[in-house]
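Here chain A shows up in two complexes: once beside chain B, once beside chain C.
After this line comes the complex of A and B, so read on.
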């Protein structure tokens, strides 16, 4: 008996050894900074001098700053369009991949390539593709007799252009759905067909519940990523050739946070911005988890 | 993970007899329509990249003519781009940083994943839940204090902060590797124990050699993540000779592109050089990319 508990203690000690990189990293690079940024959000800090306690000043400023609302609005606009459009596009194409049988994996490869393109390169590329006069997007629209908008300079079209750019890199979501769809047991479709279910009913009552796990996962992950879009928009609209329209409509939340912290060196204020982002993401994720409970319950009942 | 390659397996005999393989209803006439639709969409999705490569080889005045095919191939664009900007240095920097990031994160995450997969200790489930929770934490929240840490160590302005955090493992890879470790046959571990291997011995001589696919997944994912990252190089690097490609590319865009000299041929050449290694990596390690994504997507 005591020998067994001695063994168990030895195993726990060994585990501590194996876990030590993560434990140290968690303390130093996750938990520590998380608390430190909360503290910094109540200070005035320029990264050179010592942080100076200013109470809730940063949060009062947050409520007054029109650019907070602007950047949060831009980011929400993007998220609300990007996430469902990506999911719909990926699901549509994943269904086509399944329907294409043995050709599916080949096309999966082709559609995934944009997702390995570096975001900065994507930003540069879309700056040119979306160019109002000579960009490929408007050239393509012209083929259909549509006179495309000035995607990169008309304030009303900058964000839709960014949404379009985001859709191009939908490959990861596609790969997840393709794998999920191929995991749906064929017998379920056979049974549904015997019950006289038509194609829509089979999709609605067999496919959707069976891939609801993948749908939920991509919903959460894509939403969190959308709130943190940075590299592509920063590349396109910030730098030496900043235009006022781009700086306004392309001001996504993390771009604003980055500029406050590392361009204006207002790190206390940027920390308050970071905590607002953290709370927004947390609330949205929790809401999605609650939503998913109904989802999962529904699947269980069927 | 086997499910990923499921549809490439030959159909069971019974399905063949009835003339219907699994997924058979999705083939035949429907299959042709699907392949045709996919072919059209594939052209739409890859056209921007094809155009990018073509435009990078065009004479300067032709860049915007919409054609993916240069009237004359100006290979010299690539000579110019190497001469005018320190592209070779940036390529080497990016490669070195990405390699360091990938190796460190894989080694450390494998150690941690081993503990979660094979060792019993109090609070294991709770701690693993914490690992998963940190995946959801936005990087922006810890960015500023992390910067302060590297600043206090005198390491801002060097490439160290771009990879050294990876020495401590990363939740995503811990999760990925643990999932894979759990699929290893327990008999093999038992055999190792019978042979007198300790935990470290099991890790090195049994688990690691059997987990090569998962380790490769971790390596290629982090290579890609590090190679393409802009935020960290933007925060930590000031001197051009230390830049990584994304950081340098932004400078090239600002200097030669809009508002600059309007040398889009050069900007695109640099763009191609930043993208091609990732496309090659993806083609070389495609199966690992797909497996890795499917593993994380199916939890």
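After this line comes the complex of A and C, so read on.
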């Protein structure tokens, strides 16, 4: 018995040793900055002088600052539209890919390519594509007799335009669904067919429960990513190639955070903004996890 | 022996970490004062070598100070990069940045006052145009040296004016009611598609110019009091809103502008997409190169009493706090801004353009004597009427140009009025309400900056 526990300790040490590059990396590059930002959120710091302790001033300022609510609202609008649309689009195309048989892997790659496009390029690209006067999207709409909106310059259409751009990178979600769909045992469909289930019933009562784990996972990670969206929006409305019309509707939360940090050199306030976002994401994710108990079907669970 | 297996990866990590830490260390060996003999490595940030004007002056510096090892990190000034370098204790020796951003860095102690550098090199801000010199002073001390002096003028498409029955001789920006009428008369649309914008007021970009023309100012001379909601500012924003609304609204106008090929042969003047607009002076050069036959005329921007008026901006050299090679940085600032250097640079630029059969339209700096000498020794008539007239307009504008006062919260104030203009033009708020909110934001930011 004691020999065995000695061996186990030795193995644990070895494991720790092999994990150490990641552990040290995590401590230095993730946990350290994380704690530092928590501390900075209670200071006034411009990255030039020394941080000065100001207590909860930054958090009090958060409550007063109308742009916090504005940017949070913009981000929420985007998240609420972007996440379900991405999931629906990815699921629809993944289903087609499964049906496409041996062509599936090829198209899977094709659909994934946009996900590796640099976000700045995506931002510039969509600024051109969505231009209400000369962009390709409205030109295409005109072919069908539709007079498209001013996606990049009409305040009412800027956020929908950004949602449209967000769909560009649905590839990751699609790849996950494709794998999940291919893992659904064929005999379940066969049994359902024998029971007289039609295509919709098979999808609703076999496919969806069987891939609910993947759906839940993509719901959580896409929601978090949507709350943190930055580069594409910054490029379109705040970078050098920007169009200034999006200064209000395109003011997403992380864009505002970046502005406070690197334009106004208010690192303390920016840190407080970051921790507020963390709390919001934490609460949303906890709510999702709670809801998931009712909808997600885990195989092998008793 | 198993536990020992943990050692190699740990060791690698430790080595990598300490190795990284050692990189910056050898630079610390060189540290010079302003008065020392310039030698050793000199690193810059924000300066590039796009043309002869930059290259010739940098070459002159290299020849004069062969002991200095100049390392230009080309590319635009990047705040994020600069801040990380400062925070890491490894700032560049010399930065090239917007004069509007300079005071906020000076206020935070990120830049060195240059009195000693001026004493060593004999440089004096009195050599420079007062508007530019005022931008690089903070609390009475110099923190930078101005380079270019960019002014704004009005460029019009003569053919578009004629088509709308507007007499070029009577066209100016003095009467805003008439201007809005002219704007409508020149605008052309096909349904919801704009074909031509009669007048582009360029607001928010040129907002300070319009406010000044109405007799107002966005910032008090001390740079610590914002006046974004003054009646003059409201009036300027109302004019822009009127022009934009009668052309179909901000959605249409902005999208139309975003589609312009400003730097191509089919630029809005050549393509007849624009009737008139205030423009930066360097755009004359773009037009001269890309569409020399476009029917363009250059006019001064004028205030309510038809007096020429312009708004000047530009970049400046500054030496960061913690710069190691102050001696070389200081010499380079001096060398880049002497009249001799400017004349040599302008001559090279002129010859290069003439060799390519392109007209040379001048080099406009913040240095008074340099500009006089470039005008006398380098500039020749181009032989193209509207270009030569344009050059004369630029020269007149330089004498009457104002700059925004140096402010420790310049970036915040600018964002405040920009956001207000966007809100008002987009119809989200009245110009007065938007500017009132902007004024509150700017005042709060200035109060925070004042507390530093």
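Here is the rule we go by: the second predicted complex is superposed on the first by the 281 of 302 C-alpha atoms of A that agree within 3 Å, B and C clash if a C-alpha of one lies under 4 Å from a C-alpha of the other, contacts with A are read in each partner's own complex, and residues count from 1 in each chain.
Methods note: contacts are C-beta pairs under 8 Å (C-beta built on N, C-alpha and C of every residue); 3 or more make two chains touch, one makes a residue touch a chain.
Everything numeric in this text was worked out from a predicted model, so none of it was measured.
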>> Tell me the contact category for A:271 with respect to chain B and chain C: first, second, both or neither.
In response: first
>> After the superposition on A, what does A:162 contact: first (chain B), second (chain C), both or neither?
In response: neither
> When the two structures are overlaid on chain A, which partner does A:189 contact: first (chain B), second (chain C), both, or neither?
Replying inline: first
> Is A:11 contacted by the first partner chain B, the second partner chain C, both or neither?
Replying inline: both
>> One more residue to check, A:262. First (chain B), second (chain C), both or neither?
In response: both
> Counting only touches as set out at the top, which of chain B and chain C does A:254 meet: first, second, both, neither?
Replying inline: first
> For chain A, which side has the bigger count of touched residues, chain B or chain C?
Replying inline: B
>> Show me the chain A residues, by the header's touch rule, that chain B contacts in one structure and chain C contacts in the other.
In response: 11, 14, 16, 18, 21, 24-25, 28, 47, 127, 131, 133-134, 240, 262
>> Under the stated contact criterion, what part of chain C meets chain A in this complex?
In response: 2-3, 5-7, 9-10, 12-13, 17, 76, 79-80, 83-84, 86-87, 104-105, 108-110, 191-194, 204-205, 249-256, 258-259, 321, 409, 411-412, 415, 418-419, 422-423, 425-428, 445, 448, 452
>> Which stretch or stretches of chain B touch chain A in the complex?
In response: 3-4, 6-8, 22-23, 25-27, 30-31, 33-35, 37-38, 41-42, 45-49, 51-52, 55, 63-66, 108-109, 111-112, 114-115, 119-122, 124, 127, 130-131, 134, 136-149, 151, 165, 167-169, 174, 198-199, 203, 224, 227-231, 234-235, 245-246, 249-250, 253-255, 257-260, 264, 267-268, 271, 274-275, 278-279, 281-283, 286, 289-290, 293-294, 297-299
>> Per the contact definition, I'd like the list of chain A residues that touch chain C in the complex.
In response: 10-11, 13-14, 16-18, 20-21, 24-25, 28, 46-49, 127, 131-135, 147, 149-150, 152-155, 157, 240, 243-245, 247-248, 259, 262-266
> Quick one: in the complex, what on chain A touches chain B?
Replying inline: 8, 11-12, 14-16, 18-19, 21-22, 24-26, 28-30, 32-34, 36-37, 40, 47, 93, 96-105, 107-114, 116-121, 123-129, 131, 133-134, 136, 139, 168, 172, 175-176, 179-180, 182-183, 186, 189, 213-214, 217-218, 224, 227-228, 230-231, 234-235, 239-241, 254, 257-258, 261-262, 267, 270-271, 274-275, 277-278, 281, 285
